[in-house]
Amino acid sequence: MLFHVHMLVDIPLDLDKTYVEELKAKEKALSQDLQRQGKWTHIWRIAGQYANISIFNVASAGELHDILLSLPLYPFMQVEVTALCQHYSSVKNEEDAH
Amino acid sequence: MLFHVHMLVDIPLDLDKTYVEELKAKEKALSQDLQRQGKWTHIWRIAGQYANISIFNVASAGELHDILLSLPLYPFMQVEVTALCQHYSSVKNEEDAH
Amino acid sequence: MLFHVHMLVDIPLDLDKTYVEELKAKEKALSQDLQRQGKWTHIWRIAGQYANISIFNVASAGELHDILLSLPLYPFMQVEVTALCQHYSSVKNEEDAH
Amino acid sequence: MLFHVHMLVDIPLDLDKTYVEELKAKEKALSQDLQRQGKWTHIWRIAGQYANISIFNVASAGELHDILLSLPLYPFMQVEVTALCQHYSSVKNEEDAH
Amino acid sequence: MLFHVHMLVDIPLDLDKTYVEELKAKEKALSQDLQRQGKWTHIWRIAGQYANISIFNVASAGELHDILLSLPLYPFMQVEVTALCQHYSSVKNEEDAH
Amino acid sequence: MLFHVHMLVDIPLDLDKTYVEELKAKEKALSQDLQRQGKWTHIWRIAGQYANISIFNVASAGELHDILLSLPLYPFMQVEVTALCQHYSSVKNEEDAH
Amino acid sequence: MLFHVHMLVDIPLDLDKTYVEELKAKEKALSQDLQRQGKWTHIWRIAGQYANISIFNVASAGELHDILLSLPLYPFMQVEVTALCQHYSSVKNEEDAH
Amino acid sequence: MLFHVHMLVDIPLDLDKTYVEELKAKEKALSQDLQRQGKWTHIWRIAGQYANISIFNVASAGELHDILLSLPLYPFMQVEVTALCQHYSSVKNEEDAH
Amino acid sequence: MLFHVHMLVDIPLDLDKTYVEELKAKEKALSQDLQRQGKWTHIWRIAGQYANISIFNVASAGELHDILLSLPLYPFMQVEVTALCQHYSSVKNEEDAH
Amino acid sequence: MLFHVHMLVDIPLDLDKTYVEELKAKEKALSQDLQRQGKWTHIWRIAGQYANISIFNVASAGELHDILLSLPLYPFMQVEVTALCQHYSSVKNEEDAH
């Protein structure tokens, strides 16, 4: 199952800086681990914003939900999920290749 | 340069069916040609809608504009473009690999 | 996979009445067939609107997309799809029971 | 009477964790009690969000209002209610069966 | 059951004037009949708009839906329904008195 | 003059509970006094929300403004006012009867 | 009673040009007549748009409604009405002077 | 140059009451001074809201900007500016007369 | 006076192609004439859209209005105007240099 | 690459005034440095708002992102980026001249 996820991050300005850096480091490590597993197949920064657009390739909406809620920065995110499917013009099987 | 493009297609119901099929065939051929050139790196269908989310990897916003306006179905589309850049958590260089 | 689908129907007023009745009859027959198969698990009318809220239980977003596009009234619909998953407070497995 | 209810939960990040867990446990218990009574007939998680879509089957809008305001997490919710009715394509009586 | 209904009417400018006058006359007659039955308890014009705000007092959302769809001008309306209930500050029982 | 008023109340969660109860009691008393004077002719709860829809029958927009600002809960409200007038289909004079 | 009215005019491009000019001439004449009567106290063009912002000083919302519906271009307008009242910082009585 | 300005004021509830009264008194004095100079030609209260609609007649957008930022309540305002011009139906020169 | 203008062009698909090309040629000639006069100081295409963002440097909002309404494609445009002024961080006088 | 950037600044009212002045001074110095380098080619104030519209001419969306995030006031900004390209009606090459 392919999902398009838009994550907008808004960390309160008065949060402890060291704590925020720890959260970001954990977020990056977990994100990269999920990318290497092939579950988080793309992540792009939206120019000028503390926001990303990501593609997930997971077994179900439930697995996607569990992954998103496990993200260290999730409590500071607004998340929008869009279910994707294979486009008949695509030259590749998007679930198999990225 | 990476761009996220959302295309929503709305073909008038009274348009000649044969003409529409021709447009769709040309659209598909051009899309696949651009995918093979590595300029249109992804295209996904949004579930339940006559709409797609695409990623383009082109030299400039001008090249993107020319490509989009050359699409046979462009006159029937609403298009939104978002400029993307490399995310510091990404495990790959998104401009080089897809 | 569970999906929440909002369908808003807007049939042009000048469409031939007999043709519209035929489309509605086919739509109803197909909907009921899919309900009996357990793929279209619920359909409710939104009070006062020519719109419904439906729940689908299908194998994938792709199957959902194919079903929706096969509906006779699809060309007259605006469709919004939301991916659902099991809620930890639910007393039943929503994918198995309805 | 059938109602579609969208609940979006936003618990302040600085609320005491133990208190929040107590509220969630009470919320779950009350929700399950109402589900077993047949008043809260469905609850689904929206993938990626701390939000649910629920169906209630109650005697009146007044009963729905009283139930919603009795929820321990209600003070942290944004709630939208939509009145539903039987769809002429439905194969079951939605007020009787679920 | 009390419902707040917002009706916005948009009759195409090229519709036959006589036909439109007939529809309006039928709409008025039906509206007044329903008002006298106590089902359509209030109707106000929104200043400057071809729109009204109405209050209905009916047995169910299904009855409301059937009434609204029976209105001669319904095909030209955008309708929004809001479920109301007794307010604890109200000095009268809104379902009984108007 | 008839006005439709939508009041959405949002009392901060950390406000003193006793103070809030006092405000609500004063609000109710003032509302009922204005209802008995025939100035606040209707008040309904919107199902599921801490919000009401009200009808006022006052001498002018200025009188309405003064009444609304005198409400003890006004500082916590978002208020939207819509000017109403007699509908030609109404069976009663809405300014005289309610 | 003072009202702020926003009128957005959208005349179909295929309407007969002579007919449109006649409508505009009648609209202007009626507007100027109402201005001279002191009922339509101000009219400004919004820069770049076929839209105006106007102030009306009339006896009631009903009178405003009747005036607006009598405008020759009303069938092509989207109208929004906002009820105004005297501001405590104003140096003049807005209902008396303009 | 004529400008339409919509000011929505939202003063935090926990601000010192005496300080707020001082700000309001200064705001009123400055507003009335600018009205007497003919720069702030109108100010109306929007019924039911802590908001006003104003007309300014100033030499340039820059002068308008400086005036607005000098208002004691500006830090608590959301401001929207619309550039106006003479309407061809107006019976007076709006820049000269008010 | 500096103005930011967003123009979105939507030419009906069934308009005569030759006529449209004539309109576009006239639009381009007039735009370039106004650019050379220093009144239309910038025009950029928004990537992927039949829309532009322009900067005008004119004597008044009235002059801007007259220019915009004189554009051959104006009847097919949605136009939004924003009044600009000198920014205190700017290294140049934007009204004098471009 | 040309980008249109809309920056809306919202500095919390309780932030230390001296600190804010320092941030603004640094912001101005950095902005002017980037303007002199030809990367931040225009900055205009939106009349009446603490907001600006800017044009950037940079090598890539990545460079734009890095510049925006380096701004001292970035943590207090809402930023929207729009990719621009040469308009076929423009009399100058917007990437070379400003």
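Labels A, B, C, D, E, F, G, H, I and J are assigned to the chains in the order they are written; within every chain, residues are numbered from 1.
Assume a residue touches a chain if its C-beta (ideal position, glycine included) is under 8 Å from a C-beta of that chain, and two chains touch if they have at least 3 such contacts.
All of these numbers come straight from a predicted model, not from anything done at the bench.
Identification of common neighbours of subunit D and subunit G yields E, F. The minimum number of touch steps linking subunit B to subunit D comes to 2. When the contact pairs of I-J are set against those of E-F, A-D or F-G, over half line up by residue number only for E-F. C-beta contact counts were set side by side for F-G and C-E; F-G has more. Subunit F and subunit J carry the same sequence, and matching their CA atoms takes a turn of 145 degrees, rounded to a multiple of 5. Look at where the CA atoms of subunit A average out and do the same for subunit B: the two points lie 22 Å apart. Subunit E has its Cα centroid 45 Å from the Cα centroid of subunit B.
Counting partner chains per residue, subunit G shows two or more touched chains at residues 2-3, 45-48, 61-62, 64-65, 81, 83-86. You'll find the chains touch as A-B, A-C, A-D, A-J, B-C, B-I, B-J, C-D, C-E, D-E, D-F, E-F, E-G, F-G, F-H, G-H, G-I, H-I, H-J, I-J.
Residues of subunit I touching subunit B in their complex: 13, 45-49.
Here subunit I touches subunit G in the complex through residues 3, 5, 12, 61-62, 64-65, 68, 75-76, 79-81, going by the rule given at the top. Taken in their complex, subunit G has these residues touching subunit F: 1-3, 60-62, 64-65, 81, 83-86.
Interface of subunit J with subunit I (complex): residues 2, 4, 27-28, 31-32, 35-36, 42-48, 52-53, 55, 82-92, 94, 98.
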